[in-house]
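Each of the two complexes below includes chain A, the first together with chain B, the second together with chain C.
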Partner chain A sequence: MTVSTMASAEGAVAAPARLRRRSFYPGWFFLPAAVIYGVLFLAPTFASLYFSLTRWTLFNSTFIGFENFVQFFREPFLVQGLVNTVIYAVVTSGLKVVIGLLLGVLLTSQIQARGYLRSVVFFPVLVSTVGVGITFTVLMHPTQGMINEGLALIGIKGPGWLTDPRLALLSVALVDVWKGVGLATVIYIAGIVAIPKDYYEAARIDGATRLQNFFYVTLPLCRPATVTVITLSFIGGLRTFDLIWAMTRGGPGFASDTVASVIYKQYQAGFYGLSTAGNVVLFALIAVLVVPLTMLLNRREGHE
Partner chain B sequence: MNTMTRRVMLGGVGLVALAVAGAAHAQSVNLTYLVPSDAAGMAVAEELVKSFEAAHPDINIDIETRPGGSEGDNLVKTRLATGSMADVFRYNSGSLFQAINPQQFLVDLTNEPWQADVQSSFKQVVTAPDGTIRGAPVGTAMGGGIYYNRAIYEELGLSVPTTWAEFMANNEKIRDAGKVAVIQTYGETWTSQLFVLADFYNVTAKDPNFASRYTANEAKFATDPAALRGFEKLQETYEAGLFNEDFGAARYADGLRMIVNGEGAHYPMLTFATTAIMATFPDQIENIGFFAQPGDEAELNGLTVWMPDGVYIPQTTSNLEAAKKFVAFIASVEGCEALARAGDTSGPYLINGCELPPDVPSVVSDMLPYFAEGGRNGPALEFLSPIKGPALEQITVEVGSGIRTAADGAALYDEDVRKQAQQLGLPGW
Partner chain C sequence: MSLIRRYWLSAVAILVSIVVFLVPFAFIILTAFKDQQQSAVLDFSWPTGFHLWDNVVEVASTRNWMLITAFINSTILTVASVTLLVILAAMVGFVLQRRKARWNGVVEFLILAGLMIPPAVVPTIWLLQGVGLFGKLHGLVLIEVAYGLPFSILLYRAFIATIPRELDEAAIIDGARPLDVFFRVILPLLWPVTVTNIVVQSVAVFNDFTNPLYYLPGNQNATVQLTLYNFQSQFNTSYNLLFTNILLITIPPLIVFLFFNRQIVAGMTAGAVKG
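And now, the complex of A and B:
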């Protein structure tokens, strides 16, 4: 930002081309950062593009063109993994928006022990994901898990949360929501608190009900919070790996595989070139989904 | 040039080490013996060396250790490639043996006199591509088959099945008596592969060339009726409703507890579980027995066997005669007796004339007839072919959970196998 204002300010006075070359710092000053950037970020990026085109055993690599990508898209579980990834991202970000907003409204109202309740909702965010995953795997055990034992007390036979292929992905998504909704709530609390009280007073004078207050004042005015929550949780959902690996390892079978877990399994099995190709695909997928999403959300925000 | 310098340097280090060791022991020949560093393996190595040195006072052996797993694989490959391997070393047989390029690096042991007493099932898994035998067995064979609970068998008056139909009939009686007939533990996915992997003896009984045709991209699980049976058996047991209720979440340790306590009647597993059961439930080891996974015909009933490690001599050894003596000792009856003293008794030895101690638990003695004269056993596919698809355990979970049919699962596995074969760079794929 400073650079652009500088350039435009000076551009009015003198030739911009000569001035742009001049910098505040001497050249060597950039060298350490440039070396770190080159060695740790640029080189691996280009190396991975190359290795994704080879059959690679770590000792030697054979150039095979786009065969890895053909193979990756022929993986029978990959299509399901792609669908699962999108389902997971949509379900988790959707629920985090709805539940986070409701909790945000609740925790900004005049209730007892508000500060304590606010921290309780945030605690799961601080716990290690793998720890949460292992704990819920135990709780969701089909016969000895606390959830199904509790359901049995009231006469309901609980399903195999993580062993039923139709439920496994959704069960993990629900745990993800439980763990992540605290962050969404905090963002919403900040957003709701920032709404000027004048709007609510005006609404009250117009005779708005509580429900109308929520739908016509709170909801539209915390759009920036909604944008943040959706962007964060959607990207998080797309690249999710740790929770799924801790809870189901993509199972039963391939029922809860996501793109990230498919890639990891290829790596584990020693298909280094193939898993590198998978990472290139994941990179492209996130870019293709998230760049338009942020552009859309940010444009609307600009109109406010 | 770089490699040359490294070789020279390593050679120099080796010479210094040799000189130091020689001075310390003042004996005519010094050997080094490289073994994996786990506790059980160390006990075996120490007992073998002790017994050998007692019989050959002119030879002194120093034990070297290496890590197990893939780290150990890399170490073995590196030491072979740099010419710095110990005079004798212990390493896996089967597909991992093939991966260390035996023809180039290991001494040919085909014409050693002791080979006459090594069972042919082991010779197959240490045979280089040119048909020469390059190793000797160290340790006991393992079986892949089915553990059963003796109390349930007695209570219901069942007898050990020799055909799949008898096995399923037993299962139905057990299920109708309100008990769990087959324990499955998909909480650890590798345990789901047993019905397929342990069926391999039955595949070779009908189709003796399956392994070589499979390696050459000619035979497929989906299209070879004998090979498809393993997947079908898994599907049948699922569809008959024989499994424990929590089969999707139970773990390996749960499976061992259930079979020992009679919470289930059958548990398909490799017999290395015997060692774990003896450690965890020493008083209840007699509750269980073992039989091979039955095939379709009683007269073809036999056991799929997982082979023990081999011992090998690298071509770079400077003490070939002494090294051969040590290997010959390991492959002798005295060698097995040393193994038994070190506690390695969970299965039969692969040397003719070697006997297990008379007091082994019945779960071990149940295995022995398959290895006796006229007994039927054969190696698992992973000892006959370098290709094993990495996704098998997920596919067998799917077939065993009713998510995918046997035919679909086998076809999917064939795809997985193709991928692995291409990664290995095998011809014909």
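And now, the complex of A and C:
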């Protein structure tokens, strides 16, 4: 009771001051951004919920209920796109976490040519994805490609990276890791550098080995970096389109199709309703997988 | 770590980095120097003759100087959308951080949603057609702004939190109007994070492939990433030209990287430490 009266009394006193201050942080500053974002992002997102339930020609739409979604979960090649998307996201984000963390530890240690190594690992992040895709398509050529020629030198017969249906998706995922691991690495470097030196000091006094240092000091204390890397690369992996399109166009067959490439293919074919349903499925997939993932990651952090 | 072991580790790391990261780039450069015959072998060899300039001229003049048009388009697209992004995001970040309003929660939710939700492609095309912006460069500029806003706002809001409120109050007492407070007191102080924003978003917009593919069809409108895609089928026997094109469109990001390496890393790792 007293609390509430105090609060309201305080509010009464603060109100005029807040009113005056309010005008110095004008609400219309939100307006231009809100209009652009609302019209070009939010409105289409809401519209997609309706149009995914229709057969649509852009000029008129017929309501057909959940038929598009039924088709999405019945057609084998569409289902495969869904499965591929999840595999791709798990593989790329998993590898980026492991390799990024190892590189982060390596590049914060007393190693020679640290600046050069950091630059060279990070630079691919800034290069055009399509350019990288085309380059690696050539490098992964089954007979003439440099990768297989290099493997032949040491006596290994390289596989058809992009022509073998079982390998195509994983090959693209590997290129994604090549291009994106630099970002994971710099995030880990930032996280590791921020760990106070006292922890390592204390561990050293307790006689910790370097492996124990890694598992009991570095790993738990750079957890925020891990959370960032996982979330970023998982969402990125689920949404990936340009690399797949530049390298395999979803082929051979439908072996490396993802939801994003299915959306583009259906759009090209003129099945706008189905394409939009793909968008809603991708949205749902991200919501269903990423929201619990971030909640899990953040909750554990709170306990430690 | 003993000295010898450290040198071993360094040597191995440098060797691996050369094979994994430098060889692909060297391959791009070498192939761009070759003539068509030699480039068709797809091997990692020294060019027999230096044809870079011939290749550049041929790539540039293909399809009625499409690459030149594309570079102009990409430059306009990048400059216009990043300028808008910086100003609008700074305005939102400023008011969002300074003013405790009831709808701040809603705004923050929308920002997170914008980072996660994939844009609904066909409805966006339908909408752009409705307002006459489909296939227009300024339509794509607005699209890039809409998609880039959430990230830029987050960067600005975090930075504005480090600028003491007393500065605003001092300006207000000195008789500054609301617009002066923002444009003459706060905005200049935001320069470091503005540079980060400009660099990160320019690279993102310049390298964007998906959005021009969907929202800006047509040869006259091509951006540099689309030229690569268009030439992929046309040049499927002339790898020297394809790789010359890759080399040419890698130069702008390379320049940005050489000058703004630190700002890029700062922008991209923002939030990694705090979580």
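Quick note on the criterion: the second predicted complex is superposed on the first by the 263 of 304 C-alpha atoms of A that agree within 3 Å, B and C clash if a C-alpha of one lies under 4 Å from a C-alpha of the other, contacts with A are read in each partner's own complex, and residues count from 1 in each chain.
Criterion: a contact is a pair of C-beta atoms (placed from the backbone, for glycine too) under 8 Å apart; a residue touches a chain by one contact, two chains touch by 3 or more.
Everything quoted here is computed from the prediction, not taken from an experiment.
Trainee: Aligned on chain A, chain B and chain C: do they clash or fit?
Mentor: The answer is fit.
Trainee: Classify the contacts of A:Gln144 with the two partner chains as first (chain B alone), second (chain C alone), both, or neither.
Mentor: The answer is both, since A:Gln144 touches chain B and chain C.
Trainee: Contact-wise, after the overlay, does A:Leu162 reach chain B, chain C, both or neither (first, second, both, neither)?
Mentor: After superposing on A, A:Leu162 lies in contact with chain B but is clear of chain C.
Trainee: Touch check for A:Phe136: first (chain B), second (chain C), both, or neither?
Mentor: After superposing on A, A:Phe136 lies in contact with chain C but is clear of chain B.
Trainee: Between chain B (first) and chain C (second), which does A:Ala113 come into contact with in this model arrangement: first, second, both, or neither?
Mentor: second
Trainee: Figure out whether A:Ala269 sits in contact with chain B (first) or chain C (second), or with both, or with neither.
Mentor: In the superposition, A:Ala269 touches chain B alone.
Trainee: Should A:Gly250 be classified as contacting the first partner (chain B), the second (chain C), both, or neither?
Mentor: Touch partner of A:Gly250: chain B, not chain C.
Trainee: Which angle, as a multiple of 10 degrees, do chain B and chain C span at the CA centre of chain A?
Mentor: 80
Trainee: Regarding the shared-chain residue A:Arg55, is it in contact with chain B (first), chain C (second), both, or neither?
Mentor: After superposing on A, A:Arg55 lies in contact with chain B but is clear of chain C.
Trainee: Which chain makes contact with more of the residues of chain A, chain B or else chain C?
Mentor: The partner that reaches more residues of chain A in the superposed model: C.
Trainee: Between chain B (first) and chain C (second), which does A:Val227 come into contact with in this model arrangement: first, second, both, or neither?
Mentor: second
Trainee: After the two structures are laid over each other on chain A, how near do the C-alpha atoms of chain B and chain C get, in Å?
Mentor: The answer is 6 Å, the least C-alpha separation in the overlay.
Trainee: If you lay the two complexes on top of each other, which residues of chain A touch chain B in one and chain C in the other?
Mentor: Comparing the two interfaces on chain A, one with chain B and one with chain C, the shared residues are 141, 144.
Trainee: If you look only at chain B, which of its residues touch chain A in the complex?
Mentor: 186, 189, 245-249, 390-391, 394-395, 397-398, 401, 403-404, 412, 415, 419-420, 422-423, 425
Trainee: With touch defined as at the start, can you tell me which chain A residues reach chain C in the complex?
Mentor: 21-27, 29-30, 32-33, 36-37, 39-45, 47-48, 51, 56, 58, 106, 109-113, 116-117, 119-131, 134-136, 138-139, 141, 144-146, 149, 178, 183, 186-191, 194, 210, 223-225, 227-229, 235, 239, 241-242, 245-246, 260, 263-264, 267, 272, 275-276, 279-280, 282-283, 286-287, 290, 298, 301
Trainee: In the complex, go through chain C and note every residue touching chain A.
Mentor: These residues of chain C touch chain A: 1, 6-7, 9-10, 13-14, 17, 20-24, 27-28, 41-44, 88-89, 91-92, 94-96, 98-99, 101, 107, 110, 114-129, 131, 142-143, 145-147, 149, 153, 168, 172, 178-179, 181-182, 203, 207, 209-210, 213-214, 224-225, 228-229, 232, 239, 242-243, 246, 249-250, 253-254, 256-257, 261, 264-265, 268-269, 271-275.
Trainee: Help me check something: in the complex, which residues belonging to chain A touch chain B?
Mentor: Those in contact with chain B are residues 55, 57, 62, 71, 74, 76-77, 137, 141-144, 160, 162-165, 249-255, 265, 268-271, 274.
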